[in-house]
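Down below are the structures I want you to see.
Two complexes come next, and they have one chain in common, chain A, joined by chain B in the first and chain C in the second.
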Partner chain A sequence: MSNNAITHEEAMAIFPKVAELMADALGRDVEEVKPESSLIDDLGAESIDFLDIIFRLERGFKVKIPRGKIVEEARGDLSEAEFEKAGVVTDAGLQRLKQFLNEVPAERFQSPLHVSDLPRLFTAETFCRMVIREQRAAQAQAPQTA
Partner chain B sequence: MDPHSRAFTFVDRIVSFEPASHIVGRYSIPAEIAEFPQSLISEAIGQLAALAAMSAVDFKSRPVAGLAECVELLGTAQPGQTLELSAELASVDGEAVSYSGAAFVDGLPVVRLHHCVGPMVPMAEFADPDVVRGAFAASLQAPGLTGGFTGLPCLLLAPEIIEPGRCHRARWTVPASAPFFADHFPRRPVFPGSLLMHLKLQLAASLVSVLPSPDNRSRWTVRSVNDVKLRAFIPPGESLDLEATLKRHSADAATIFVQSRNNSRIIGGARIELTPALIP
Partner chain C sequence: MSSACDGLFILWPFLKLIMTQTLAGNIALITGGARGIGRAIALKLGRAGCDVAIIYHNSHAEAAAVCAELGKLGRRALAIQADVSEPESVQEAFQTFRAQFDRVDFVVSNAAIGVLRPAMELSRKHWRRCLETNALALNLLAQEAVPLMTRGGRILGISSLGASRAIPQYAFIGASKAALESLARSLAQELGPRGIRVNIVSAGVVDTDALKYFPNREELLAGYAARTPAGPTLSVDDVAAAAYLLCLPEANMINGHTLVVDGGYCISG
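Entry: the complex of A and B
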């Protein structure tokens, strides 16, 4: 599913709850968490904080968020080799990322972009969109499992 | 196996095991040690869950302490007693294990862990995978393995009272060497998160000691440690600044936030919840 199918307004509808969960995980005041805040560069998140946030979002929104899903979904139909070479995102991969993470300010996409630096791009809104995608995926599967 | 390599191992025997799902184990607390604090009971539950997690990924990676939504402290265990341990894995993969668990003594729960997450790290960086695999296999067979824990080294803090009953601090330097480092972990010594929790509880106790008692028949008792997070490995010799701050205080509840830092970096944090308990 494309990130573009989720509007900014839809993401903002759940942002207050996401911001509250993120603030708890990061030991920040909720006012510090803005939709465009980079979790790493603006809010000081470390790798354990990403796990913490994912698990808080899962419990808060009753969704299952497979870890590593953002990068996998961002890659879309590009093969791993098309997406990255020797740990650096290719031009095609960068284009794909800009489309998928269209909530991320354009100036944050630097070239060359190392795959290990991808989490630096993620904003609070990125996580709102991730929750909505998983909510929709769960709804789409519901009739099959009922 | 060299007993020193089990100097910080608190699972003797795996009693039952369903891969990636459920594990039950046992640990006999040595009778000759002085104490076995609740933080080590938590460690024992975590180690049992870790065994199940490592087995699930064929011992290619191992979990380390990361997050715990709630550690309920319900009772104590004494030297010479046996801990009956159990853990339920909610999920496990190469990145993290999510689990809950409990420890019982004589059929009564003493510690419960709720919604814990341990990040998985490459096993070979921390221990020989074949040795860990072998210990796991031996633990599955009766009578299991004998522990090598000989008691905790001195972990006494000297709290500095910044504001009595409001903010207490302490500087702690992790020992450069200690028996538990040989086991935690053999290839990369790391100060155990459970011992950091032990220190934080000690600092919180210092703060509580100057709080007014709830009433003349009760005293403040730690019920749970919530939102526990360990953000970084703590190597031998590292200095930590610990701070306990009273966040909430009423007639029937108190909350203390404890944080550890290395310079400006936050290493860990937790919220300690206390309620009145009748003085026996």
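Entry: the complex of A and C
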């Protein structure tokens, strides 16, 4: 499912709850969490925090977000080799990322972009969109009742 | 005579099954049970006849796979998502557990987290995460589990050699494991009169997913292989086997002990 299918307004509808969960995980005031905040660069998140944030989002929204899900979805149809070479995102990969993470301000996509730096791009809104995608995926998989 | 032998021959697969199910009828709960050492312990206890609940953090698919494997063995299996460092989350997990099981016999506190950095770069946040997940969790689990250990029980913690050795980048993980081992001794003392034994399995270098985060993984494995008389490698099944031993009725007088499973690494050199 493409990120484009989720509007900014839809993401903002769940943002207050996402912001609250993120603020709790990061020990921040909820006002500090903005939709465009980079979790790493603006909110000081580390890899250990991402585990906690994902857990809180899963519990808070009753969704399942498997490990590495954002990167996997961001890669989309591109094979690993098409997406990155020797740990650096290819031009095709970068184009795909800009399209998928369209909530991320354009100036944050720097070239060369190392795969290990991908999480630096993720904003609070990125996580709102991920939650919505998982909610939709769960609804699509739920057995249809008559 | 020959017909009796024939009978034994026919019955042998069933007899073997019964003989290997030394823990039949028991109920086990293992944290971090979806992957690595926790998964190996869950399956080992399952094969020994236990019904098994696993607590996992985020490995949904892996947790479901463990339950499916346990189901194939004919065991009741349950996967519960929880954060073992949070008292409320552990309480919730036990609510779910109690909806399926009326008691617990074995609890294994295996889930762990780590921040691999030099001590000089570590913060209070890192301390809390390591200590609360790796050590406090044992106490939180014990507080919930002990009222369900109506026939006595066994509580195990999974530690590592970093509890007593200085390993580069391992400062807070090592400190948390030392705390875990110390806490286990206190719990062993408190709970002994209630028929509950509390012990630790301390593992050497095991090549699990967790080891992939070590920048010097290859060096650690090579160093371990070179120095271990019973090496060259230590598997998750070796660690699970030690956990199993501590659950046997014969281990009833082992209490407050740290059982090192490292193939002799520590005693060498």
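Operating definition for what follows: the second predicted complex is superposed on the first by the 143 of 146 C-alpha atoms of A that agree within 3 Å, B and C clash if a C-alpha of one lies under 4 Å from a C-alpha of the other, contacts with A are read in each partner's own complex, and residues count from 1 in each chain.
Everything below uses one rule, namely that a contact is a pair of C-beta atoms (placed from the backbone, for glycine too) under 8 Å apart; a residue touches a chain by one contact, two chains touch by 3 or more.
Here the structure is a predicted model, which means the values were calculated and not measured.
J.: Looking at the combined model built on chain A, do chain B and chain C fit side by side or clash?
T.: They clash: once the shared chain is superposed, the two partners overlap in space.
J.: Kindly classify A:F55 by the partners it touches after superposition: chain B alone (first), chain C alone (second), both, or neither?
T.: A:F55 contacts both chain B and chain C.
J.: In the overlay, answer first, second, both or neither for which of chain B and chain C A:G27 touches.
T.: Once the two structures are laid over each other on A, A:G27 reaches both partners.
J.: Which partner chains sit in contact with A:R67 here, chain B, chain C, both or neither? Use first/second/both/neither.
T.: Both partners, chain B and chain C.
J.: Between chain B (first) and chain C (second), which does A:H114 come into contact with in this model arrangement: first, second, both, or neither?
T.: After superposition on chain A, A:H114 lies in contact with neither partner.
J.: Counting only touches as set out at the top, which of chain B and chain C does A:K85 meet: first, second, both, neither?
T.: After superposition on chain A, A:K85 lies in contact with neither partner.
J.: After superposing the two complexes, find the one stretch in chain B that runs into chain C, choosing from 163-171, 181-189 or 199-207.
T.: Answer for the clashing stretch of chain B: 181-189.
J.: Quick check on my understanding: which residues of chain A belong to both its chain B contact set and its chain C contact set?
T.: On chain A, the overlap between the chain B and chain C contacts is residues 27, 46, 48, 51-52, 55, 59, 67.
J.: With touch defined as at the start, can you tell me which chain B residues reach chain A in the complex?
T.: Interface residues on the chain B side: 66-67, 93, 95-96, 98, 115, 117, 119, 227, 229-232, 266, 269.
J.: Taking the touch rule as given, give the residues of chain A at its contact with chain B in the complex, in rising order.
T.: For this pair, the touching residues of chain A are 24, 27, 46-49, 51-52, 55, 59, 67-68.
J.: Sort out for me which residues of chain C touch chain A in the complex.
T.: 57-61, 81, 83, 113, 115, 125-126, 129
J.: Where on chain A is chain C touching in the complex?
T.: It comes out as residues 27, 46, 48, 51-52, 54-55, 58-59, 64-67.
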